[in-house]
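Consider the two complexes below, in which chain A is the common component and chain B and chain C are the respective partners.
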Partner chain A sequence: MMEKIKGLLYICGIFTFTFFHNIYLYILLIFFLFVLSGKEFIPIVKKTLFSITIFSSVVTASYVFINGFDWQYITLVNVRVFGITFMTFLFIKRVNLFKLFSFSENLMFIIVLSYSQILTFQKYLTDFRFALKSRTILKPDFSDRYNFFKRIVEFFMKSSLDRSKEINMAMKSRGFYTDE
Partner chain B sequence: MHIPDGFLSPKTYIPAYVIASGLWIYGIKKMKKELEDKTVPFLSVMAAFSFVISLIMVPIPGGSSGHAVGIGLLSVIFGYWTAFIVLSVVFFLQAVMFGDGGITTFPVNAVIMGFVGGITSYYVYRFLRKINNTFALFLAGYMGLLISAFFTAVVLGIQPYIAHNKDGNPLFFPFDLSITVPAVLVPHLFIGIGEGILTVVGWNIYRRIYDGKD
Partner chain C sequence: MNKEIISIKNVKYSYETATVLRDVSFQVKKGEKVVILGVNGSGKSTLLKVLNGLIFPSEGEYLYKGERITEKKLKDRAFNKKFRKEVVLLFQSPDSMLFNPTVYDEIAFGLRQLGEDKKVIDEKVRYWADKMGIYRHLDRPPFNLSGGEKQKVCLASLLVLEPKVLLLDEPTSNLDPRSTGWFIDFLYELDKTVITTTHNLGLALEMGERGIVLSENHTVIYDGCLKKFLKDRDKLIEANLIHIHKHRHGKVEHSHYHTHLFFD
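Presenting the complex of A and B:
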């Protein structure tokens, strides 16, 4: 129940940031979110800045270049972007996403399984990159890079199709599906 | 192409959620009908596949490389409904877990890249495969990404018209269509090559694994 209340508050926060266009209100809300983040303040700020910097900088720089320095617009948009992104990361830290979607068993399984598979695949990809790096002294040429790309796609496609069958059988054997 | 939160107005993301919800309900029903109890594991693992594919740099002739999303590949192999649902799961996880995209832009990304991109790839391949299969696959991937990029540019470009203050100053994304369309489309003319290559390579690998031919 608590997860659902937090979810509702998060949606209200999104609406506040997008329906109202008041910089002072945003700053107040962000200050409140900072307080709520407690010890996780710095990691969440870092993650937020990492996530928004490129897109926001390009938009801001282009806007200044085309329209001149309109501090009100630049502050409004950047504070809003920062606020929503910070709030999203804080929400993810504070809420068990899997519990939030527990109202639908299928949805919960999809999120849990996808997330765990993504983490596994990410690790494999890192290993593949290290493997290529450790085996090449000079920058790989086009054919080497193309072969590397082809093998990776083949590995992940084969793994995905095999795992899909394995997980299905594992779920079946554990009684996740009831026969009609 | 992922738009972060804060650049799209409620006039955009609320209707996008309504449209996406309808498509998700229909798409999942369609998938369940075809895959039955295989839906959950298949969807989850293909979402992970699509996610990891988007992290791989596709080598492009000329010494460069670009990121692909897998729109064309998923669509030509599994159909556009599956591609849409799989990519929706990916975009959701990217937005909430990995900070790529946003929760207000998630339905827009899902509908544009997952559905519009998927349907484009699917029909481009259907229409052209009799002429030349490899060319059809390449163009399916290329066009899927390019059309998605075009609609993304349109969604961004209409923000100043639909969300502005009394003085006419923008409240969300500031640039109109005359800027967003070329700014988004031109780089994607190049990035689309990576998507096209991935579709051709992925399709051939899929056939080799499952049909025993190349």
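Presenting the complex of A and C:
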């Protein structure tokens, strides 16, 4: 039950950040989220800033380029993105998604499959990074970095495709759906 | 042969949610072939990453040739260059190591970084490709090769640097029986310090004479003669490396611990 209440609060939070356009309300809400995050405050802030930096920079630059510099709007949008992202990371950290979606068997299957996919890919990505670090004697040049990123993209695209086919067959084999 | 090359003292390593190495200590001498045994999740791969200077112990210390390996130490360019050339790691999944457009470039990658002469690079690449039996694939992308061939490309890419220490993470897990046989023979002839992880008891003895065994509790529970360990039922049970299962002899059925091992 507790997980469902947290889920409901998260939806309310998203609603507040999306439908109200008041920066003071956002700041108040973000402060509240900071307090809730407790010991995990710094890691979640770091993760949030890392995730939104490129996105927010591109959006802000595009807005300034098209509409000119409106600092109030730019601040509002960036604080909103920060708030929603921070809240989402905190939510994922504090809520057991399996319990939250336990009311629907189909949703549970999707959550479990997505989660296992994330864990597998996370391990691969860590191994890719470590392998490059391990084999790098000097700082890799541009062409090495290009080859490395190209390979990672290709690998994950192909792996996603292969795994989705495999999972699809496994689900069919276990009677999750039929071809009718 | 007797000079100590690696020393691990009371090493602890924790990920965000769990400790994967606890109070791990051992030394490895130059030229030794050591097998690290343990069930999945016991910390074998993490230990190899510590030895390769990719992650650093939260407690304890790791010394390579008497020098303490820390994040700061590896920021020293000259030392980093020496260390990365001398201590190499073969990852469990060869896919994570391959990113160059051709097998030739993959093998040449490390040498190019060392600033070797083009002629020397060419000679060395061709020598190792030939030794590994992958010469005919030199112009092909490494990603499309079979698991065994990928493993050979990775090995050639590492050995071309003429390393002093070879760290092998479950090297036979992606190989078919024929490639496994080739790999065991190759390892036997290799005149280097080699540390190999595996949970395959049947192959462990082929990979080295000394065994270091990690328990499910992430501590070292055995360090010594591998053959002796494989005959020690209590230790095997403690490491969770043997299991009870049923046998049928005609109409008689019974169950006991089983290793599927055969000794001379």
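Convention: the second predicted complex is superposed on the first by the 117 of 180 C-alpha atoms of A that agree within 3 Å, B and C clash if a C-alpha of one lies under 4 Å from a C-alpha of the other, contacts with A are read in each partner's own complex, and residues count from 1 in each chain.
Methods note: a residue touches a chain if its C-beta (ideal position, glycine included) is under 8 Å from a C-beta of that chain, and two chains touch if they have at least 3 such contacts.
Remember, predicted model here, so these are calculated numbers, not experimental data.
Once the two complexes are laid over each other on the shared chain, residue contacts for A:100 go to neither chain B nor chain C. Judged by the touch definition given at the top, the superposed model places A:84 against chain B, while chain C stays out of reach. Of the two partner chains, neither chain B nor chain C is touched by A:25.
Looking at the shared chain after the overlay, A:154 reaches both chain B and chain C. Of the two partner chains placed around the shared chain by superposition, neither chain B nor chain C is touched by A:36.
Once the two complexes are overlaid on the shared chain, A:127 sits against chain C while remaining clear of chain B. Once chain A of one complex is fitted onto chain A of the other, the partner contacts of A:45 are absent, as it touches neither chain B nor chain C. Judged by the touch definition given at the top, the superposed model places A:56 against chain B, while chain C stays out of reach. In the superposition on chain A, contact of A:111 is made with chain B only, not with chain C. Touching more residues of chain A than its counterpart among chain B and chain C is B.
Applying the stated touch rule to the two superposed structures, the overlap between the chain B and chain C interfaces on chain A comprises residues 124, 150, 152, 154. For chain A in complex with chain B, the touching residues are 14-15, 17-19, 21, 47-48, 50-52, 55-56, 59, 62-63, 66-67, 70, 72-73, 76-77, 80-85, 88-89, 92, 97, 106, 109-115, 117-118, 120-122, 124-125, 142, 145-146, 149-150, 152-154, 156-158, 160-161, 163-165, 167-168, 171-172, 177.
Note for the complex: chain A touches chain C at residues 124, 127-128, 130-138, 140, 144, 147-148, 150-152, 154-155. Residues of chain C touching chain A in their complex: 49, 52, 54, 77, 80-81, 84-85, 88-89, 91-93, 95-101, 109-110, 113-114, 143, 157-158.
Within the complex, the chain B residues that touch chain A are 3-7, 9-10, 13, 37-49, 51-53, 55-59, 61, 63, 65, 89-90, 92-93, 95-97, 99-100, 102-104, 165, 169-175, 179, 198, 201-202, 205-206, 209-210.
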